[in-house]
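You will see chain A twice below: alongside chain B first, and alongside chain C after that.
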Partner chain A sequence: MIGVIASREWKSLFLSPLAWSVLGVIQLILAWIFLAQIDTFLQVQSRLAGMEGAPGLTDLIATPLFGAAVTFLMLLTPLLTMRLISDELRNGTFSLLLTAPVSMTQIVLGKYLGFMGFIAVSLGLTLLMPLSLLIGGSLDFGKLAAALLGLFLATASFAAVGLFISSLTAQPAIAAIGTYGVLLFFWIINLAAETGEQSGRLFNWLSLQSHYEFMMRGLIRTSDLIYYLLLIAAFLLLTIRRLDNRRRED
Partner chain B sequence: MDTLIQAVNLVRRYGHRSAVDGLDIELARGDILGFLGPNGAGKSTTMRMLTGNLAPHGGTVKINGVDLLERPLEAKRSLGYLPETPPLYREMTVDEFLIFAARLNAVPKDHQRDAVLLAKERCGLTDVGHRLIGNLSKGYQQRVGIAQAIVHNPTVVVLDEPTVGLDPNQIREIRQLIRELGEMHAVILSTHILPEVQSLCNRVQIIDKGRTVYSARVADEESAAEILLVAFDREPSLDDLVSLEGIREADRLDNGRFQLRPYPDTAISALAGRLVAAGWGLRELTPQRRTLEQIFVELTTRESVA
Partner chain C sequence: MHALSLKNLKKTYPGGVEALKGISLDVAEGDFFALLGPNGAGKSTAIGIISSLVNKTSGDVKVFGRSLEREPEAVKRCLGLVPQEFNFNPFEPIGEILVNQAGYHGIPRKLAWERAEQYLNQLELWDKRRQPARKLSGGMKRRLMIARALVHRPRLLILDEPTAGVDIEIRRSMWEFIRGINREGVTIILTTHYLEEAENLCRNLAIINQGEIIEHSSMRELLTRLRSESFVLNLKRPLEGLPPHEGLWLKLSEPGLLEVCVNQEQGLNPVFDYLNRNGIEVASMRNKQNRLEQLFIGLLQRDREAS
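Our next item is the complex of A and B:
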């Protein structure tokens, strides 16, 4: 049942012009960054050749590319998630799911996985850029995989937040703004960490920024994985609770 | 006969206002229930509770003997529901959408194609299978909504104003379809078109302000003569008439006739005998049937008149 809902969601995203334009814009911007990074690499290539343990293609091109991708996806995900549930609430199509023999958990997971399928396609397209370097060079696949995992988990957490906020309102625009609010807050929450006190470390741990950076450098830490999985699980649970309560409250 | 829907003492509040207040509904296989009431009486709220779209604040719902609140997934397998606004994904084609509805309702994989074909045929959608739902006319969209509700051959079908937005020919087709559904299943439909209920339903339930104010079999409702029109050669006084056993109320009409309202359990034949025996020269006695419209208006406007 999760698969049925997920595949419909996935297909319907590809039927909407918004999703295609978002995909197009991501590719365009990232391709520009990719080319700029290649340019830089070519300029410094001769100097790197003489260095011991010099950074390779992966460090100089793939990592900055994925780092930029995280920022873009944070800006674009809310635009894609805003309709996930709010549209169904507004058009009355949600009652189709409510009448069918599926549980709220299956509905929410189905929608979320369908959306992550779409994200996976867009990340796959992004991944093709660094992979094209294989034509003339070699890559550190371990580092590349770690960076990709970081990018995927970060986007997955943006999507979970977006899904939850989309379930709070029937207005997509409000869902988008709300999601921006929450994501940016989680992004900058570590500004308060500058003080270096106990609470500062907590804020630092809560920040979205502080967790993908290690993965971008090729270091997968359990605490970062747990952070993302907790964040995703928490917002999915909130979504399920919220929609269950909606049946009772309004 | 097996009971397919059994809702007992349903309660639903919005804030402090009760939308549904102690409603009972019971339906057996083969029943088509016309669910009537003025706007805001709680019809849609009740239907949403019967289909698990809204959790009741009190009462129980059993679908096909399975408790909807305790075992929702199992109960919902037997449910098909067309809400007020048909739940349609406008960006899908009719075929894609119905396949999705069939899969969502756990129709086995090798039956899905047949189920969709049958639903399309029953709802007159065979020619529009490849068209986008968003581009269809309102009448066709309504039919897709009905097709979605019956694609998994549910034993209980709940239709909220199924004939809204259809032209007279389509209305006839949909009524025929509902009649067919009623043979094997239990159908509840809400509507504002009273003749529709008389031509289609075998039971009628009128609700007002969240309570049942009238519930009858359509056949009963036709045979129950609640008003008698009588005329006499020698006119008695109203007091004389009311003093006769079995008469609750009497009125003199302008055309020289009297309108009598017997007590509900009075046999008309016995009353006629007494009227003759009174010796006023009874020359006319016509049982008047109240139409559904009269019943509806009387029961749902009573309070505002008083």
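Our next item is the complex of A and C:
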């Protein structure tokens, strides 16, 4: 049943003009960054040729591209997640799911996976850019995979936060603004970590940015994976609880 | 076995509003049942609880013998709901709307399309299956909602104002379609503000007011309780005044319009005898008020006075 809900969500995203616009804008900006990185690489290529252990195409083009992609996805994901539940609450279509023989967990997971399917398409298109470099060069696939995993997990956590905020209101615009607020909070929380105290280390651990950076460098740490999985699971659970409570209040 | 059984169902909203004060109700399998009441009486809350949209405060809901509390998914499989408001994705093609709804009930896509074709054909929407829902007219949207509620073949269909805002021709064709569904064995619960609709379609009814059931009987039994009936007669020639009419309740509301009120024992014959005696010719005649409407208003007034 989760598959049916996910498939419907995935398809309905592609029916929405907003989703197409967001997809187009992401690809356009990333393509521009990609071309700019290639241009930079071509300028320093002759100097790099003489260096031992010089950074390659992955370090100079793919990783910065994925780094930029995280920022753009953080800015654009709330525009898509805002309608996941709040739009359905506003249109009354959420009641179709409530009256169907599916549990709240199936509804939330279905919606989440459907949305991640859309994100996977977007990331797949982004991945084609560095892969096109194989025509004239070589890539470090390990580093590329780590960076892609980091990008995917970071976006998955943005989506989980967005889904939860979307369940709080029947106003999509408020859901988008709320998601921006929470994501920015989790993004910059490590600014308070400069003190070096115990609490500083906690803030640093809580920051979305600090976990993602290691993966961009090709380092996959268990603690980073756990952080993202915990964050995603926590917000999905909160969404399930919130929707169950909403039915009680109605 | 009852299609629906409510036992002492209560709902108190946060803030203390008591929407349902312990209603009990049985709807027989195969019945066409009207759930009537004024706005804010608790009908929507009762329907919301039965269809799992609203959580009850206490009481028991059973659908075909299965408890909503213990077997919610089995209950949801038996149930189809046509809500009052249009609720579909306006950008989604109407064929997909039905197939997705079937998917939520675990029906494979191929079978779902077969059923979608059947119901969309019956409701004259098949030609529009590829059109987004937003392009449909109001009447078509209402029919789409009915088709969607039937696609998983529910045994109990709840229709909440299914013909609101629909023109009379489409309304009558929808009545025929719904009657056909009921003849096939589907139990139907109808809420409507068109009491003529309830009188025409339903065999049994309950009237709910201020969270309590004030009437629960068969339509026939209720209508026999109507002591008097009012008619409006269109006269062939306008009259300036009425000849003496002792023992009859007659009122000339306009020179060509005569209002008549007769009680059940009396009947209409004395009225027509009087009209013949006085050479008053009648062009046409109609009920002044729908019979159920008359009873409905009377019951509500009595309930208000009692409380």
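Here, the second predicted complex is superposed on the first by the 250 of 250 C-alpha atoms of A that agree within 3 Å, B and C clash if a C-alpha of one lies under 4 Å from a C-alpha of the other, contacts with A are read in each partner's own complex, and residues count from 1 in each chain.
The definition used in the following text is that a contact is a pair of C-beta atoms (placed from the backbone, for glycine too) under 8 Å apart; a residue touches a chain by one contact, two chains touch by 3 or more.
If you're wondering where the values come from, they're calculated on a predicted model, not measured in any experiment.
Once the two complexes are overlaid through chain A, chain B and chain C clash, as defined at the top of the document. Clashing C-alpha atoms with chain C appear in just one stretch of chain B from the list 237-245, 273-281 or 291-299: 291-299. Shared interface residues of chain A, touching chain B in one complex and chain C in the other, are 1, 4-5, 8, 12, 15-16, 91-93, 95-103, 247-248, 250. Against chain C, in their complex, chain A makes its touches with residues 1, 4-5, 7-8, 11-12, 15-16, 91-93, 95-103, 247-250.
Chain C makes touch with chain A in their complex at residues 13-14, 48, 51-55, 72-74, 76-77, 79, 81, 83, 85-92, 96, 100-101, 103-106. Only residues 1, 4-5, 8, 12, 15-16, 91-103, 247-248, 250 of chain A touch chain B when the two sit together in their complex. Across the complex, chain A is touched by residues 14, 48, 51-55, 57, 72-74, 76-77, 79-81, 83-92, 100-101, 103-106, 148 of chain B.
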